[in-house]
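In the two complexes below, chain A is the common chain; its partner is chain B in one and chain C in the other.
Presenting the complex of A and B:
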């Protein structure tokens, strides 16, 4: 492409990165929050704040399932699906759920959930309608407002560019070790380059791992061809081969009594002694085609496929059982997905995941800023900025500042919207996107340093107001969380406060930089840039 | 005869214009075609290559598929970078088309489609 391999890689790194950096920022941002999906969902449901899992969580599970089936037998004998979701370490409430009657022409009617305090066994107040952490989880790969399949293709495309940019980034980086320790402060685009390098190099293994495994999670949509060539019925054939519990049964309307739950549970515990169960689901209860699926937690194993047992719901016999021992290829493939989702992480590792994700956001953000800065520095005094430069600067401001603000507004809306509002969860999401749109419109008109300072102020105020509004509208606050050891909620508020401080630091930085920037550009630097521009 | 030469010169002018047009956008065009080669060409090559891999790997059927699926992204990104590293676009297209059709042909032979 260019004269040398090195130069063409530099060129490619710049353009591949710039084309998708804003989308990548969104993906990384939402993905980083999704590592704490359950905790964020919990924060969004104050009614569940005080339900804590008891000490003897696992030994209570048998009793909870039996009580749950009894409850569902009386509450929803006609429903098509029942589900019992057992308390986990990160989701401490017990949920009995059944499917609501299906509307005409729909394949699923949505869940009606009944929340139980696992310690006392009493019903909890129904929590407010919210998507919580699941919104960010979906946003991470389904985006929003567009068709899911299209969205996933777009996300795959951006991720591929990300992977290519990462590899070419390593290639063009001659002094990878030295740059780990160099940071030149207040030097215009030099400083941005340094922070780009530091955030990329420090977490480089994570970046490559998360991008590669992210693409692997969507691989059956992206590359179905190996499965299609090897199997007659393509991907379905592969799944049936790999997961024996993937048995499809035809629904029938013929009534038949449900088998005794105790006998099913006896079989479960002979198969898996001391199992930590997560789910007990019954399809077509009280019908001839009833099946019972029991799932167990994978714990901290690097494994994505959940151990599953499938029973016949009428005579209680075991139909299928998931594979206990994987072949080495299955282990390889399965661990890739497991590494991406990070369900295996204990709290410390989860925070490491989170910090690496933040480093990824910083890497992408500094990358987009650096491009605009460089072009600005190379511009002559009287030269007018090109359309491309204005576009990039506008998108930078709209995305880098708009997304955090939209997120803060999402959480504020969760506390401030009336609790019994119709379609409340959608209104929260609407608040998110309206805020982002507002910032984007703002960036359309002006995107100078002044606007960055203004938006940084707005962001820090929004971040501070989250714990304050939380303290005013719910029973708990950051201090009570600390005293009661509710670490998930405490960390959430703490992260808000830390981000507020960081935004204030940013304001300070932007201010000092504005005064210093005039004297900072050395003449030699300008000449060098000009030379580089000519040779490029 | 006079009319013919006029016609000729007219078409020359048209050719010239196209040439000029092409030259002024030559850089952009070469960039676009390179991205096209990287994205689409890379995709096609990766698809047939890994499909072939899933057939010839000496493993259990499901294992062969899972392994080749896990390697797709690696292959794709290698091709992508190679496309930007090689100077001549012609070389790129010829290599991609030849290797892809060779892989496709082997799949067809192995599956007994031919």
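Presenting the complex of A and C:
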């Protein structure tokens, strides 16, 4: 251990941060995109681009549910589950869905969805198969290709390291308020340190909140022992206890007529007079075990658990209702989860979340680069770089430049892969990981400034290509989105263009630095020679 | 409009915090600030930031606290860009900032 408190904190900040920085970058990057999960999914499904929620969205919900149940009664009378997903501000299409027949030995047969434009009432074309924003959402904590539980443990450890790095960072940053607005450009590693500090400090409350709440969302996996002691069936028992609507009914084959939907809706609106409903689901319709679940939006309340009502599907009686008033521990857990997911956010807050997420990515990226840069600066001229330095430089290039490129390729694959391709959604994800692997292999062999410049060019071209390919393969483009007020789609294309510009700026900066470093060699050598002459 | 007022107050607060610092004040006005001026900037900054927080929380409760954190991040980012790359523009930015506060405040009080 180092000799002073400050030095040991600096040591801890450096190593705790460096060990997991690439994984943290992936988590932050995917998490930042996930704030716009629904918007990204919408962009990935051009068939739904023209669906618009009507202005009187909430007042139409009752009518839409009744029409939906009528449709499902005709389309899938034998199905085990029906679902009606009502248009929301961020997901404007109306969906009537039913479960397809279950294959032998399977517990779920998958959903067959029927999309409707709620404004016109017309059926929409079946959208292309894609994971869209959900891919980034799952990648954020499930890491893909890894067993889910293992992945979540890894993410939790990385988050814990991040929290330690954040706290030690605050401790070692002596001039946290004095240097709050300072960024000294063109000063080598000093500039990198400034950008690391500024990106950390400007969103410090967000960084601490998002890391801490991230750990809290998975707290029952990390620390299940109190629940295991108190409940016979452990965590499941705890969740069933705090969620009264988690009632499991045994499926029956005995036929029974479905209760009148109107009477159920009357009860719903008596309980919640101004409810903004999101979902109306029926399990085992036309059977004695039928149940109806109705969910409502939480709006902008700092609450994650959706208000839910559970009805008997045969006699229409209310079986269970989600609690309106939480206990203090429930409020603590639920509100922290809500803060992390940001589902409560309106567009303004969502963009602020996004901005802070980008600041987090910059903070991690500058931290990784700074370590390698400082080691390089300390090296003597004839000294060969160590394996550790080469590894860090390779991982920096592979992660910091590879991940944005892989993301661009994911979106390009969405537009360019044949629409009827088998397992299309998986192919998009494969394109993402193959691109990332290719960049990693490239970084394995060469990772000098020239490779950074090359990858920055490739990234800028990929980012520009997204709106262009979108315009060529769909009926819309960035200008039509602007004119029609399709803000989610317009913002997506605009962010791609801004990213392309930023990569071009990166190329310009890297080239300037290279030229500066070449031109700086001679004067310093001349000065050294002069000193030698003087000393001689 | 109330969000604009809350953000403008937050931006003004951080601008005052920045101007209370010797080096930032000198970058903008080319002269040294007196101790009294620095103190006045700090007091103005605290009043403005508290007003921004109170308005956010009163209007949106817990959600307002989150918005306020976002406003702080955006304000610091904007000011960092101005002070590091275009310090001479800070005067104009400050005028626009104060005008926005007055106009948005007037709009809220009238409508």
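What we mean here is this: the second predicted complex is superposed on the first by the 513 of 536 C-alpha atoms of A that agree within 3 Å, B and C clash if a C-alpha of one lies under 4 Å from a C-alpha of the other, contacts with A are read in each partner's own complex, and residues count from 1 in each chain.
Simple rule for what comes next: a contact is a pair of C-beta atoms (placed from the backbone, for glycine too) under 8 Å apart; a residue touches a chain by one contact, two chains touch by 3 or more.
Computed from a predicted model, the values in this text were never measured in an experiment.
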Touched partner set for A:348, first chain B, second chain C, both or neither: second
Which of chain B and chain C A:439 touches, first, second, both or neither: neither
Touched partner set for A:203, first chain B, second chain C, both or neither: second
First, second, both or neither for A:356, with chain B first and chain C second: second
Contacts of A:5 with chain B and chain C, given as first, second, both or neither: first
Which superposed partner A:21 touches (first chain B, second chain C, both, neither): neither
On chain A, positions contacted by chain B and by chain C: none
Touching residues on chain A, where the partner in the complex is chain C: 177-178, 180-185, 198, 201-203, 205-206, 209, 300-302, 335, 339, 344-345, 348-349, 352-353, 355-356, 359
In the complex with chain A, residue positions of chain B that touch it: 31, 34, 39, 46-48, 50-55, 59-70, 72-74, 76-77, 80-81, 84-87, 107, 111
Chain C - residues contacting chain A, complex: 3, 14, 17-18, 21, 24, 60-63, 66-67, 69-74, 76-77, 79-80, 83-85
Interface residues, chain A side, partner chain B - complex: 1, 5, 8-9, 11-12, 15, 157, 160, 163-164, 167-168, 212, 215-216, 219-220, 222-223, 225-231, 238, 241-242, 327, 329-330, 332-333, 336
